[in-house]
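Consider the two complexes below, in which subunit A is the common component and subunit B and subunit C are the respective partners.
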Partner chain A sequence: MEFLSYFGNVFEPVSFMLLLGGTIGGLILGATPGLSPTMAVALLIPFTFHLAPHQGLILLGAAYTSTIAGGAVSAILLNIPGAPANIATALDGHEMAKRGEGAKALHLSFMSSAVGGVIGVLLLIFLTPVLAKWALAFGPSHLFWIAILGVTVIGTLDSKSFVKGLLSGCIGLWLSMIGYDDIQGVQRFIFADALTGGINIIAALIGLFAIPQVLEMLSKGRALADIDVITVRQQSLTASFREMISNMKALSIGTITGSIIGIIPGVGGQIAGLVAYDQTKKFSSNSHKFGTGHPEGVIAAESANNAMVGPSLIPLLTLSIPGSPTAAVLLGGLLIHGIFPGPDLFQNHAAVAWTFIDSMLIGQFLMVIFGIYIANLAAKIAQVPRSILAAGVFILAVFGAYSVQQSMGDVHVMIALGVGMFFLEKFGFSAAPLVLGLILGPIAESNFLQGNLIAGAQDGPAIYFLTGTLNLVLISLVILSVLFAFWSTKKANAALAKSEQGGSA
Partner chain B sequence: MNNQNTRNIQQISAAVLVLAVAAMVAWLSYTREPASAFLFPRYISIAFLVLSVWNFLRAATGIAKTGGGLDTASAMRLAPGLIIMAIYIFWLAKYLGFYVASTLTFFTLFAIYDPKAHTSLRSWLIRALVTIGFMAIMYGLFALVLKVQLPRGMFI
Partner chain C sequence: MKKILAILTMSVALVTASMVSAGDYPERPIGVAVSYGAGGATDFQARIVTMVAGNKDMLGQPIYIINKPGAGGRVGWNWFASEAEKDGYTMSAYNVPHFIAQSIKGGVKYTADSFEPIANWGADPAVVVVGKDSKFNTMQELVAWAKANPGKLTLSGAGLFVGHHIAALQIEKAAGVKMVYIPTKGGGAAAMKAVIAGDVLAGVNNLSDAFRAQKAGSVKILGVADLERNKKFLPDVPTLKEAGLDVDNASVNFRGLMVPKGTPKAIIDKLSAQVPVMFAHKRVAKRMKAGGSPMKIMNRKEVQAMWAKRKTTLTELLKGL
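This part shows the complex of A and B:
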C-alpha cells in the first residue's frame, strides 16, 4: 500500500494545477481531430523540462488519459474520432447524438472511461511493484533482449507491414548510434554539425509525431468539409449513471478487454476499443442494435480505451518496454529527467513513480467531472480550421524543439526527421517502432557491451547471450513476435486478395 | 493502370532509398576504426541491410501493398507549405529573430491554406488577429513563463 503515502504530493498546489490543466487541455486537444494523443504528449514534453520530474510526469500522464477520453467528444458530436482509440465510439455515439441523445452518449462515454481508467490504474498500482521486484534479477543479457523485444514487438504489431515495421525499428536503432560512442568517444555517423551530440530524443519525438501530421493537414490544401456540430441539451446525470450500471456486461467486457490489451506491448487503444466493441456485440442480446445508436457500444469502446492506459504503463515502468506509442513518448519524458524506468525505478525514484501513478488515479475523476461540462466547448474548439491547427502545431513544434537545449541544430534535426517520416509513412513505415529503436538503442547497446565484457571473463558471448532460461524465454518471445506478425500479415493479405477477387468477379 | 504504375514506381523508389541508407550504414560500420566502437552498429547494420533487400524485392515484384504513396495533387498542395517552413527555419528565424519570423510564418501558412475568401478584408483582419493572438500566447508561455531565450536577429 506504498502508493497511499504519496497522494499528498499530487495535491501540492503546483502539481494539482498541472493535473487540472493537463486534464482540461488534454480533453480539448483530444477532441480536436488531427491532434493525436501521442502528438499532444510529445508537444508537451519540452514544457516538462522546466518542471520537477514528478510534476512533469503528472502533466504528461493527465494529458495521455484525457486526450483519449476527449477524443470521444468529436466522435460523438462530429462523427470524427479525435484519436484512433475512439473509432469504435463513433459507431454508436454519433447515432445517439443524431437522435438527440448527445448528452447521454457523452455522460456514458466519460463515466465508462473513468470506470475503465480507474480499474486500469489499479492494475498498474498492484502489478507494477511485483513485476519490478521480479525484474530486479535481470542482468545485461536479459536487458539487451528486452530492448530488442521492445523494438520487434512494436515494429511488428504497430505496423501494417511487418518488414517495414522491423525496418523502421532498425532505422531508429541506427539513428540512436549517431554521435559520439559513449565508451571510447569515437565519432559515429556524424554527417553534419547538428548531429555531433547525437539526436536529441525530445526533438526527435516532436519531429516524428507532430510534423507528419502538420504535413498531412497541409497536403489536403484548402478543401474543408463543413462540419455540423450537434448541440448538446442537458440531461440528468443520475439517469445516465443508472443506464451505465444497467449495462454492466458491456462495462465489464470493455474494462477487461482494455486491461488485457493494454498490458501487451505495442497494441494500443485503437485495437482495445474495436475488440471490446466486437466482443460486447457478440455477447449482447441486442447485437442487432449495435451501430444504430446503442449505449452498450459506447460503454464498451470507451471503458476499453481508457482501461488500456494504466496497464500500457506496466511494461514501461518495469521493463522499459512501452505498451503503446504514447507510452513510448512518456519514456522520452522520463529519460530527459534522468529517470530510467526499469527494475530499480521503485527503489531509486519511488516518490516520482508513485506520485505519477497516484495522479493518474485522481485524474480519472477530474476527467469525468470536466469532460461532461466542457464537452460543448471542446466540440466547438474541434472545429478550428485545419490551416490554423497546422500553422500553430508547426510553430509550437519549432519552439518546443529549440527550448530543450537552446539549439537550432535540434530544430533542423526535428524538421528533417519529421519530413522524412511523413514520406516514409506514405510508403507504409510507421513512427512508433522508429521511436522505440531510437529510445531503446542506447539501452540495447550499453547492455550488449556490458554483457560482452562479462562474457569475455566467462564462457564467451554465445553462451552468455544465448543460454539460460530467461534468455531463452526472451529470445523465444522475440521470434514469436516476428512469426506472429508474419502470419497475421499473410492472413491480412490473403483476405485482401479474396475481397479484391470478389469485387472484380 | 497509370495510378498502379505510379504507385509501384514510388514504392520501388522508396525501397531503393532505404536500401541505399542501409548499405551506407553497413559500409561505414565495417570500414571505420576502431572496430570495437562499431561492434553493435555492425550487428544492427546486417539486420538493416537484410530487411532492406527483402523490402526492395517485395517492392520490385509488386508484392508491397502497404502505403499508397503521395499523389501529384497532394504534393502540389504541400509544396508551398514545405517551402515556407524551410525558409523560416533555415533563413528567416536567423535574420529576423524567432518571434518576428514565427509571426510571418504563421500568418503566411494560415493565409495560404485558409479556405475562407482571399478577397474579403474581413478575412484578412481575422487572419491578422488570430496570428497576433497566437503569437502573444507563445510569447507569454516561452518568454515570460518558461524564460526561454530564443534567438534574436534584426528584431526579437
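This part shows the complex of A and C:
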C-alpha cells in the first residue's frame, strides 16, 4: 500500500498542472492522425530536461495514456485509426458515428478506456514482481505462435466472407515483407526508394482506412439530394454509463485480454485491441452485429488498448527492458534524470516511481472528464457536408502520413494503398484483416527465423517449436481458434438458411 | 539549348554556393537527421548533445531532430546522401561502423566518401554479456565451450552489419570457432531481452545498456571489445585482448555529426570548430553521464582518420561474407 502515500506529490501545483496539460495535450495529439503515442512522448522528452524527475515522468505518463485514448476520436469520427491500437475501435465506432451516435461511441470509448486503464495500472502496482517473470517467459517460438494465433483471427475479423478475409490477410502479409529484411540481410520487393524501409504501419493505416472513405464520399458528388442529413443525437452521461455497465462481458474480456497481452514484450500494444475485439465477438450472443456499429465492439477494443498501458511498463520498470516503442522512449525519459529502472527502482527512487504510477491512475479520471467534453463538441463533425469533410480528411491523411518520419515517400505509399483498398472494397474485401496481416507478418517472420537459428544450434526446429508447456498451450489455442471459426460460420449459415426458409414459406 | 541551360543552372548554382559565407551562418534552426527511431540510443543521445546549440556562445540557433528510421539506418543515410540540401542546414548523425559496413556490403547510395564528418560525440563499445545464471564466468570459459561445441553457441545482437555483428565476427575469427549470431529486429533492447530470458546463451550488446542490465542484476559482462578497459563504468571487466582474443576496437559504436559532401567549406570549418565545444558543454556532459552514455569527443581531423581506418579493417573482415 506504499503507493497511497505518494498521491500528495501528484497534487502539488506544478505536478498537477503538468498532468492536466499532458492529458489535454495528449488527447489532442492522439486525435491527430499520424501522431502516435510514441511520437507524442518522444516530442515531450526535451521539455522534461528542465523538470524534476517525477514531474517529467508525470508529463510523459499522462501523454502516453491520453494519446492512446485520444486516438479513438479520429478512429470513430473520421475512420482514421491514429495508431494500431485504435484499429478495432474504428470498426464499430465509425459505423455508430455514421448513424449519428458519435457522441455515444466516444463516451463509451473514453469510459471503457478509463476502466481498462485503471485496472491495468492496479496490476502494475500489485502484481509487478509476479508478472515480470511472465514477461520473460516468451521466447521466439512463443511469439511466433502468438502471431499465428493472431493470423487465425484474420478470417473472421470484419468481413462478410471468410475466404475474402483470409485473402485480405494474405495481401497484408505480403505487403509486410516489402523492404530490407534485418535478419537475413536481403532486399525484397524494393521497386521504389520509398519502400527501402518497408511499409510504415501508420502510413498504411491512414491510407487503408481513410482514403477509400474519401473516395467514396467524393464519388457521391455534390448533389444535395444525395446528402443524407445526419442528426447528431445528444447522449446523456448516465445513459452512456449504464450502457457500458450493461455490457460487462465486453468490458471484462477487453480488460483482461488487454492486460495479458500488454505484458508480452514486442507484441502487446499493436494487437491488444484487435485480439480483444475478436474474443468479445466470439463470446457474444450478438456476434453478427459486430462491424455494424455495435457498442460492445467499441467497449472491448478501447478497454483493451488502455488496459495494456500499465502492464506494458512492467518489463521496463523491473527489468529495464522496454516492451514497446513507447516504453523505449519512456526509458529515455528516465535515463536522462539518472534513474536506472531495475528491481531496486522502488527502493532507490520510491518517490519518483510511485508518484509516476499514481499520476497515471489520476490521469485516467482526468482523461474521461476532458475526453467527454471533447466528445460532445467533436461528434458534430458528422454534420459537416460530405464534400468538405472529404477534403478535410484527405488533408489530415496527407499531413499524418508525412509527419510520421517527414517523408513524402510515406505519403505516396499511403495514397497508393488507399486507392488499391478502394477498389478491393468494391469486391467485398476489407481493410482490418489486411492491416492485421501487415502487423503480424514481421512478428511471425522474424521470430520464426530467429527461432530457426536458435533451434539449429540446439535440437532442431521440431523440438524447439513444438515442445514445452507454453508452446503446447499456444498451439492448442491456435487449433481451438480455427475450429471455433469453422463452427461459428457453420452455425451462422445454418441460421441463415433457416430464416430464409421461414421467409419463403 | 540543353547545353546552355545546363551551363546556366551550373553557374547559378556556383554563384549561390559561393554567396554562402559562414559569416551569418546559421540564420535559422538546423536539422539533424537520425537514421534510427525516436527513443533509440542514437536519437536519445543526439537530442542531448544538441540541446545547447541555441545558446549565444554556441551556434546561436537551435538544432531539431528529424527521425528517418528503417532498414538498419540505410533509409536515413540514403536520403541524406541523395536528397539532403548541401547548405549546412541539414546535418545527420552517423553511426560507425554501421554505415561504413553497409556501404562495403553494397546496395546503398552512399560510401564513407559521400559525407563530411563534423565531430564525434560518443563511443559505445560492444561488450559480451551472458545471463546472470549462466555457467560462463569468463570469456575464456565461453570460448572453450564454443570450441568444444562448434555451431552451438548462440549469440544475440542488434542486427546485421552493426557494431554487435562486427564484434561477433571478430570473436569468431580470433578464436577460430563457429558460433551462431542471431540478429534481432527490435534493436539492442530485444537482443538484451533474449540474453536475460535465456533464449540465447550469450549476446553482444552496447556497453551502456549492458552496464544498466548488470546493475539491475540480470546479466554478467564478460569482456569489452575495445583497446582498453572502460574505467568510468566497468573498471573490472577485461578487454577481449586481455582475455586472449585478438579483437580491436573496430566494433565500437562511434556517434557524431556529419554533413553531405559538397557543403561549402566555410560552413564545414565553422561547424567543426563550434560543434566539439558544444559537445563539451557541462550540461551536456552531466546529462550524458546520468544516462550512462559514454562520451568521446573527437574533432573533424580525428574522425576522418578513424573513418579511413575503419574502412580498411571492415573491408578486410567482410571480404569472405
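What to note about this one:
The rule is simple: the second predicted complex is superposed on the first by the 268 of 505 C-alpha atoms of A that agree within 3 Å, B and C clash if a C-alpha of one lies under 4 Å from a C-alpha of the other, contacts with A are read in each partner's own complex, and residues count from 1 in each chain.
Here is the rule we use: a contact is a pair of C-beta atoms (placed from the backbone, for glycine too) under 8 Å apart; a residue touches a chain by one contact, two chains touch by 3 or more.
Quick caveat: nothing in here was measured; it's all calculated off a predicted structure.
In the superposition on chain A, A:196 makes contact with subunit C only, while subunit B stays out of contact range. Judged by the touch definition given at the top, the superposed model places A:139 against subunit C, while subunit B stays out of reach. With both structures placed on the common chain, the touch criterion links A:462 to neither subunit B nor subunit C. In the superposed model, A:392 lies in contact with subunit B only, and not with subunit C. By the touch criterion defined above, A:406 lies against subunit B and subunit C together after alignment on the C-alpha atoms of chain A.
By the document's definition of touching, both partners, subunit B and subunit C, reach A:183. On subunit A, the surface touched by subunit B in one complex and the surface touched by subunit C in the other have residues 183, 406 in common. Remark: subunit C residues 37-40, 43-44, 47-48, 51, 66-72, 74-75, 78-79, 105, 107, 151-154, 159-161, 180, 182-186, 189-190, 192-194, 196-200, 212-213, 215-218, 287, 289-292 touch subunit A in the complex. Note for the complex: subunit A touches subunit C at residues 38-39, 41-42, 45-46, 49, 136-140, 179-180, 182-183, 185, 187, 193, 196-198, 200, 265-266, 315, 319-322, 325-326, 328-329, 331-332, 335-338, 340-344, 405-407, 442, 446, 450, 453-454, 456-458. The residues of subunit A lying in touch with subunit B in their complex are 47, 50, 159-161, 163-164, 166-167, 170-171, 173-174, 177, 181, 183-184, 186, 188-189, 215, 217-224, 385-388, 390-392, 394-396, 398-399, 402-403, 406, 408, 411-412, 415, 419, 423-429, 444-445, 448-449, 452, 493, 496. On the side of subunit B, the complex with subunit A involves touching residues 10-11, 14-15, 18, 21-22, 25, 28, 32, 34, 36-41, 44-45, 47-48, 51-52, 54-55, 58, 64-70, 74-75, 77-78, 81-82, 85, 88-90, 93-94, 98, 102, 105-106, 109-110, 112-116, 130, 134, 138, 142, 146, 148-151.
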